[in-house]
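The same chain A turns up in both complexes below, where it pairs with chain B and then with chain C.
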Partner chain A sequence: MSMVAAKSPPSGGDPPFHSSWQARIIALLVLVYAVYALGQLDFSFDRFVKGLDSGAHFLARMFPPSYKNWDQLLTGFIESMEIAVLATFFGVLISLPIAVLGARNLMPGWATWPARLIVTLCRAFNPVITAIIFIKAVGFGALAGVLALIVASIGFVGKLFMEAIEEISMKQIEAVRATGAPFMSVVIYSVLPQVMGRLVGFCSYQLDSNLRNSTMVGIVGAGGIGGVLFAAFQRFEYDFVLAILITIIAVVLAGELASNHVKRIFRV
Partner chain B sequence: MAVVLSIKGLVKAYRPGVPVLKGIDLDFEERGLTAIIGSSGTGKSTLVRSVNRLVNPTEGSILFKGQELSRIEGKALREARRRIGMVFQEYNLVERLTVMENLLTGRLGYVGLFDAWLRRFPADDVAYAFRLLDVIGLAGFANQRADSLSGGQRQRVGIARALMQRPEILLADEPTSSLDPKTSVEIMELLKFQGIDHNIPVLVNIHDVDLARRFADRIIGMTGGTVVFDGPPEQLSDDHLKLIYGGEGWLQ
Partner chain C sequence: MAAVSAVWQRHSRGQKLARTVLWLLVAAAVAASLKGIDVIWEFLWDAPEQVADMAWRMWPPDLAYYPQEVHKALMETFHIATVGTIFSMLFALPLAILAAHNLTPNKALNLFAKTCLVASRSVNSLVWALLFVAVFGPGPMAGTVAIAFRSIGFVGKLLGEALEEVHFGAIEALKAAGATQTSQILYGYWPAVKPAFWSIMLLRWDINIRESSVLGLVGAGGLGMIMNAAIDTFQWERVATILLTIFAVVVVVEIVVTFFRRRLI
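Up next is the complex of A and B:
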């Protein structure tokens, strides 16, 4: 009796959990491709062990970190910092109007799609690729780095800010509109107060991200500490490389602390 | 008394062929509180919101002091809205701004963009705002953020914001529906006496028949997008209420 009850489900037919055969096939394909790619790229255990060997050699030459070229380090960092701050400032400044134009709850279709297209284009490439393009356009140096990171900032802050505006309460907008306020006053008195807290968060996050990216765009010649780092690699000055890396970590951590502090000031 | 607001043949259909308002004809005089009663979804809100064009009418005319409001756009619409104060069911204050900033949004139609941004409002606007805070019993709350207030306090600020416009008519869309009974009475008193003080007509959408009877000089009953009662509160009988709300069990 109890055996029969256990075998046939009470509601008849449907199993309690679905297992999709499509999902199984996809998982199998991913596994097969991973094995195939591993074979194609010629990874062997020997190669791995040899790699470990030179890794250990490399690490050994990094210690102790050397700060004897501290002046290069300092100039590089000051430039990186300038690149990051300028790129964040102008990037956010340009993002604001683009985000307002792109918000579908405030603007008609003819305004939103071009704004969204700009943001998508700005997000299309990694900052390093944008930096290479700008180096070709304006030459080597910090300007190319600033321009590349402005583009990256628009892509990131613009998109997040647009989404933040689309989530605001329309009731508060409606009330200010009903007083006869012109559109820009509605934006200043009703849209911005509702998204200000999140904007401060996005800005500090973007400054943080630009600081890290500014070290990277330097590698392709767009100014900042990245250039110094790349030069050190090429001269096999691994102890100086470690000094630079430690300083980057310290600066990024300091940026994190500073942004927490800023958020507290703005009561986010 | 002269008619200040004249609504003629007002039709609103959010979807074509399904009108919410089916040809409303109403005149409002220059003084007095009019309560519009009716069950939910009967078009009360749509009617009130058509006046300041938060809702765009499909057909008909809205004449306010000789100006046709039903078709204007842009600057003309903004200038008309400056003269019409509105109070909302959920107060619709800008939560992260202070009480004072919320009050001064009532003047945004008159202040330039940069002055507004820098909070540079004319001195008599600021003085008037402080006076209104006294009137609504919130003196000393100027620098509190709106999200720290209770429901009744928020609605008072909402009324003060509308009065900041120095409006020529006051609209209120279910101003008491989110409030407790005692606060509801206080809010209705405020609307009624501010209307008298400033010599302007007040139009209130309201669910509560007793409140409407107690404060209104005129009651308009709506059902299914048409006006089925229009007269002084004394004339509103149970038969009218059955017609307005349908059924009768709820009247016992």
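Up next is the complex of A and C:
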């Protein structure tokens, strides 16, 4: 009897769903930090208001979007697509063996750590920084963009694919191994079928993300629609900028729909 | 007895056809891209030489440059990423609620919120920064707003999906007790998505630290700004110092995020 009485909350105590004192302290700290950081970033209210004013001006110059340079838009976009397709294709192609080498359940330690190091290095730098380095190495143009995005793709697909392989069921591997199959057959008949669906998901996501990132590497001179966008910006053709942005959003949306269909085909 | 097909096949004929067509499409896309892209092969062949030359110029990194300017820029990058993440949280919450069809049973509002989120995600943070540099002028303020705008779509999308997956039982119980919409969100939805929410915010903060280190290339403050200056003046030893700093920060942030995620889950 006394057990039950002890469990019921004391009257006049904490209300249900009260926030703990730790949560309150953290919220307070975040608030104090935000105020301090805003001061450091010279964020001031009147500057913000002034910015809104010039923002309205800016928006007014963007409307209506102008498609009169549609040929530039088209060539830029085709180049971006080519960059994205090639970067995804070669990135995935290279990250497959790296992921197999890096999976701890398939490989001994001496093989996993170099593979993991490569993936971590590829992930460490933003594609823009890699693009700058590749521009120095291979000159301005689409090739630098492709190489930079291949590195980014290895970092992303390699990491996720490695984790996917580590999560597979070992039973099928043991079954195939028990038949005396060599290593490649084990990979092809017991590892790949288990991770194929997820791999297709990663690839379609990476294609989408490479297309978006190819707009970014273009700004530093690595080809594609980003270069066209940056040039339009510097010529103050804000209506053309808006046209490019609208097209990017439309293409990304279309890509998302298409990737849903592709995933459905491969999930069966 | 009906005849049974002797050979077992994993996929039906339609599935096989769909897959074959897809593979052909992939091959065609790669072939067309290889053909269409203009590569100056001479530039590719002397790439190793160029990289060696660049590495030679970068070595040794100008470490004395760190206390002069890099540290200040690093703190700026940190503030841009963190404040940008906090801002994005404030805007993403209402949009996520509007985008979740179980919380907002209105098709038009769902579509509106989803369009906002897609627009925010499709435009790269560097492009957002370009726009906001034109609005607010060069400086960290433009960078912060750009980071916030790019993150809204990411956080809003993932949070909206988490909200849609909330188990209906708890909400129904609250509704039966006569809870208002606000109480349902606070006591039904929020506790259910809380771990997902914090892990999304951590992930985005991690990404934002990486992204805000390059925003300066278009004038939006932080490490990118001094890196751009160093590249333009060919001071590769300084570039090396900045790259090392970025690498160190990425490693530290990854450790911090892993630590907090372990405590959250």
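Everything below uses one rule, namely that the second predicted complex is superposed on the first by the 236 of 268 C-alpha atoms of A that agree within 3 Å, B and C clash if a C-alpha of one lies under 4 Å from a C-alpha of the other, contacts with A are read in each partner's own complex, and residues count from 1 in each chain.
Here, a residue touches a chain if its C-beta (ideal position, glycine included) is under 8 Å from a C-beta of that chain, and two chains touch if they have at least 3 such contacts.
Given the structure is predicted, the values throughout are model-derived calculations rather than measurements.
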After lining up the shared chain so the two structures overlap, which partner does A:64 touch, if you call chain B first and chain C second: first, second, both or neither?
neither
Looking at A:249, would you say it contacts chain B, chain C, both, or neither? Reply first, second, both or neither.
second
Go through the superposed model and pick first if A:30 touches only chain B, second if only chain C, both, or neither.
second
Report for A:108: first if it touches chain B alone, second if chain C alone, otherwise both or neither.
neither
Using the superposition on chain A described above, determine whether A:190 touches chain B (first), chain C (second), both, or neither.
first
Partner with the higher number of touched chain A residues, chain C or chain B:
C
Is A:141 contacted by the first partner chain B, the second partner chain C, both or neither?
second
Touching chain A in the complex: which residues of chain B?
52, 54, 78-84, 86, 88, 90, 92-97, 101, 105-109, 111, 113, 116-117, 158, 161-162, 165
Which positions of chain A touch chain C when the two form their complex?
17, 30, 33-34, 37-38, 40-43, 47-48, 51, 54-55, 58, 78-79, 81-83, 85-86, 89, 124-126, 128-129, 132-133, 136-139, 141-143, 146, 212-213, 215-216, 219-220, 226, 229-230, 233, 238, 241, 245, 248-249, 252-253, 256, 262, 265-266, 268
Sort out for me which residues of chain A touch chain B in the complex.
169, 171-172, 174-182, 184-186, 188-190, 193-194, 196-197
Of chain C, residues touching chain A in the complex:
11, 15, 18-19, 22, 26, 29-30, 32-34, 36-40, 43-44, 47, 50-51, 54, 75-76, 79-80, 82-83, 86, 118-119, 121-127, 130-131, 134-137, 139-141, 144, 186-187, 191, 210-211, 213-214, 217-218, 221, 227, 231, 243, 246-247, 250-251
